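Next, two complexes with chain A in common: one pairs it with chain B, the other with chain C.
Let's look at the complex of A and B:
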């Protein structure tokens, strides 16, 4: 198993201890990018990307030339006004950026489609409120079967790339929640398998020295086997045809609104259609 | 952005699909028609979006636009090259068409704000018309020096005020009464579809060809309209004729071919709007298309359904 990426806050003392790790640095606003890059350089650590969890809409983001060449994962609550986004578009298109937006509003699902169609890579975040599942599956259809080239939309592109009928597909990797790939660290070096767990102080380790051998710990094993609970309790997810791609990621929302079953079944169909189309596209008759 | 879209106005999802569809068809012009398109709550945002997608945008409007929308349009689009965004504004002669003062004022505000982007249009629905008021507006507001002249054609399946076949000559006569003003004001006439070539004299045709650089056409063919619910139809007069869904087609070319086939089928039954169109060599050589197809279809409305099935959908 390859070493995990560490998702951690901008904390100089912490950064000094992270040499040799692949780092995703979490900062609150784009204004801190310069400072973050400077500290990363000073600590000589390998930065995979900056994860900016902003409270400002995309249309209000202070994008500038200085951001060019820096891999950015920009989480915003919404897109904002089209006119404000349009002003920033020429620069946004030159940045190595992916825009993350929660899918708990109809508006955001539409905004993600707009941005992707304008060439901006986007990621749909689960969010906390009720989800419009029909729009979600419709977005998957656009993401994978759209008529023209557009910015990629995660998690759908990862699904299309990695889904295997007999294998495991972890949807959460698209938003840094995948125990095998991402470990979330707080300013004191304590870590967990997701930001939510970190916020709830459900730590998998109390210090960075415990990171070594993390994949052999009971905490990791528990995470890896968590999906079985759906079958032990025989929750709605246990009988869902979309289980193979969702694996209970939206079990909380499913308990309130089982519409996700239909959506994930559709998404599974779309993914299989996309994979079949890609295979056909890859093997031309003179290549057989 | 609003959270929901009523069914009778264009949603963002459908707009993006249409934009993708047109892009896929190598079409770079996006024409927005109504009703009144500026009434859409996302009108300005959608125009910005289409411009960002690389389309040149052309908006058909009455010019009666909400003050806030107009103000925003002024600030958003003032720096844009005129060819990227054009407004085709159908204007009425206030002396001939009763128009409330408030509406007239609204149109003037629009022309003042968007003048150089506005291509004036005139819809001919009566035989006694003058274009003097348009020449005045062109001068006053610096509108584009070109008038789009459209004839009010019958709408298939509906009753509407339109120019009948025996009024065509009078319309053309009235149009040419404006010839001296076209020349003096250096404004070019642009004939919309459905003018029958045979109703112009050779002298009139020669003037049109010379004055428009040979750009006058006497065509009638599918322009393809797409509704907010993704239905497609060939053009406004044929808006209830052979409606289909955009989702049935892979490209604009396919839609054109589909409706071209129907147009040709109708023209087998009735070559043009006049009986003499059937043997006309100008029509056979496609120099003139024999007028608007909506007139052809009216020839069949009072008879038993004995013609090819394409006539009746």
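Let's look at the complex of A and C:
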């Protein structure tokens, strides 16, 4: 197993201890990017990207030339006004940026499609309520089968890349919640397998010294085996046709609205179609 | 290849609703080490006499893991001791409910060359489990924990799902549940076989079984690369579309001289059901060699049955090469004699005509088969 990425806050004392690790640095707003880059350089750590969890809409983001070349994962609550985004668009397209947006609203799913069509890479974040599943699967279709050039849309590209019929695909790889790939660290060096677990203080380790051998710990094993719990009863996600690509990620939402079953069933078909198309290649026969 | 079904114990820790073993009044106990040793001596004797032959030993029960890993360690020792020249022609498989599987079995199973464990599972509550109430939650937890151990250690496993009356309510859910649990395939849908009146509530007719398969077949056919090795679908495709003969023991018409069921006390019979019903009893392995048992004259009636059926009940049937009148024991359960076809022929015919052919667009055309192939044993 490859060493995991560490998702951690901007905390100079912590960074000093992270040499040798690949780091995803969490900062609240784009204004802190310069400071973060400076700290990273000072600590001589390997930065995978800056994960900016902003409260501002994309249209209000202070993008500037200084951000060029810096890998950015920019989480925003929404796109904001199109006219504001349009002003920033030429610069946004020159940045190494991926825009993360939650799927709670119809607008966000539409916004992601618009942004992708403008060449901006995007990621749909899991939402908690009012999810329009039909739009979500439409977006998957656009992301993977759309013929016009567009920015990649996650988690669909991860699915298309990693899905294997005989294996379990971890959707969280696109959201920094894949326990084999990402460990979330707090300012005191305590760590967990997701930011939510960190917030709930469900730590997998109490200090960075425990990171070594993390994949052999009971906490990691428990995480890896959690999916089996869904098979204790005959129903719910265990009987879903799309389970192999979702693995119960939306089990809470599914309990209220089982529409996600249909969506993930469609997405699974789309992913397989995409993989088959990739195998066939782009060969086309001429036509008058 | 000779197939030995060794019921090393008839004890079981589960009380599965439809199981015949748990309802048997008289159980044969557990195989002694002396008898286990003799079993390997008999195998060696047979294989030395037939240098081209192989033996597949299926550990069965009851629940064979109740004997503990030491029993299988001892089996391996006996094999090494008594089958020095023939060991390479002996293969082992096992059928277990897995609920008492632990890490301790891993190394001995590897030593025996077991890399896949056959198991069975019912997602419906209270179909299987310990105790009168069939505590399925306890059962399921143990089962899921065991498959986790198997997977971590790189051992494969396959599921037999028994289609009962309860399955008919949610065929698609059953299909998705099992194929989600076992993503790499290896799921077999078999009909429940009920021979008493006590459990008629879960019994199904051949037509119901065919329609259960028919309800999930379109799902499988559309995505058959996603769901590999789902039986009996894969077998139907091999036989009907790919023209490869792939038949289970009950369909092959050729089980007569290949199978031996060995009870814990050494009594040899044809298969599990013939032993349960006191039919086709071939004596005890303490008194008879495998050669004698495999050539017992009682077996001839099974060959004669095939010759008789092709000229009588099955003469006009275009599916003859797919089933050969079906399992003789199934025929016996209905008619109390072997010389009839089984009622499960109707399931095969109905499934192919009503579901398989319309969905695939392929009409079954029997291919001339020069001779019967060896059957693959239904474990």
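In this text, the second predicted complex is superposed on the first by the 278 of 288 C-alpha atoms of A that agree within 3 Å, B and C clash if a C-alpha of one lies under 4 Å from a C-alpha of the other, contacts with A are read in each partner's own complex, and residues count from 1 in each chain.
The rule is simple: a residue touches a chain if its C-beta (ideal position, glycine included) is under 8 Å from a C-beta of that chain, and two chains touch if they have at least 3 such contacts.
The shown structure was predicted, so the numbers you read here are calculated from the model rather than taken from an experiment.
S.K.: Clash or fit: chain B against chain C, after overlaying the two structures on chain A?
M.R.: Fit - chain B and chain C, as placed by superposing on chain A, sit side by side.
S.K.: Under the stated touch criterion, which partner chain does A:86 make contact with: chain B (first), chain C (second), both, or neither?
M.R.: After superposing on A, A:86 lies in contact with chain B but is clear of chain C.
S.K.: Taking the superposition on A as described, I'd like to know which of chain B and chain C A:273 touches: first, second, both or neither.
M.R.: Once the two structures are laid over each other on A, A:273 reaches no partner at all.
S.K.: Have a look at where A:60 lands relative to chain B and chain C in the superposition and call it first, second, both or neither.
M.R.: neither
S.K.: May I ask you to decide whether A:70 touches chain B, chain C, both, or neither, giving the answer as first, second, both or neither?
M.R.: A:70: touches no partner chain.
S.K.: Of the partners chain B and chain C, which touch A:146 in the superposed model: first, second, both, neither?
M.R.: Touch partner of A:146: chain B, not chain C.
S.K.: Just checking: does A:43 make contact with chain B only, chain C only, both, or neither of them? Give me first, second, both or neither.
M.R.: A:43 contacts neither chain B nor chain C.
S.K.: Mind working out whether A:106 is in touch with chain B, chain C, both or neither, as first, second, both or neither?
M.R.: first
S.K.: Rounded to the nearest 10 degrees, how wide is the angle at the Cα centre of chain A between the Cα centres of chain B and chain C?
M.R.: With chain A as the vertex, chain B and chain C sit 110 degrees apart.
S.K.: Would you check which partner chain A:138 touches, where first means chain B only, second means chain C only, and both and neither mean what they say?
M.R.: The first partner, chain B, only.
S.K.: So after superposition, what is the minimum Cα distance from chain B to chain C, given in Å?
M.R.: 24
S.K.: Using the touch rule from the top, collect the residues of chain A that touch chain B in their complex.
M.R.: 79, 81-83, 86, 89, 105-107, 110-111, 113-114, 117-118, 138, 142, 146-148
S.K.: Quick check: in the complex, which residue numbers of chain C touch chain A?
M.R.: Counting only chain C, the residues touching chain A are 123-125, 137, 140-141, 144, 148, 170, 172-173, 176-177, 180-181, 183-185, 219, 223, 225-228.
S.K.: Spell out the residues on chain B that touch chain A in their complex, using ranges where they run on.
M.R.: These residues of chain B touch chain A: 1-4, 11-13, 16-17, 19-21, 23-24, 42, 44-46, 48-49, 51-53, 72, 76.
S.K.: What residues on chain A touch chain C, complex-wise?
M.R.: Contacts found on chain A: 165-168, 225, 228, 231-235, 238-241, 243-244, 268, 272.
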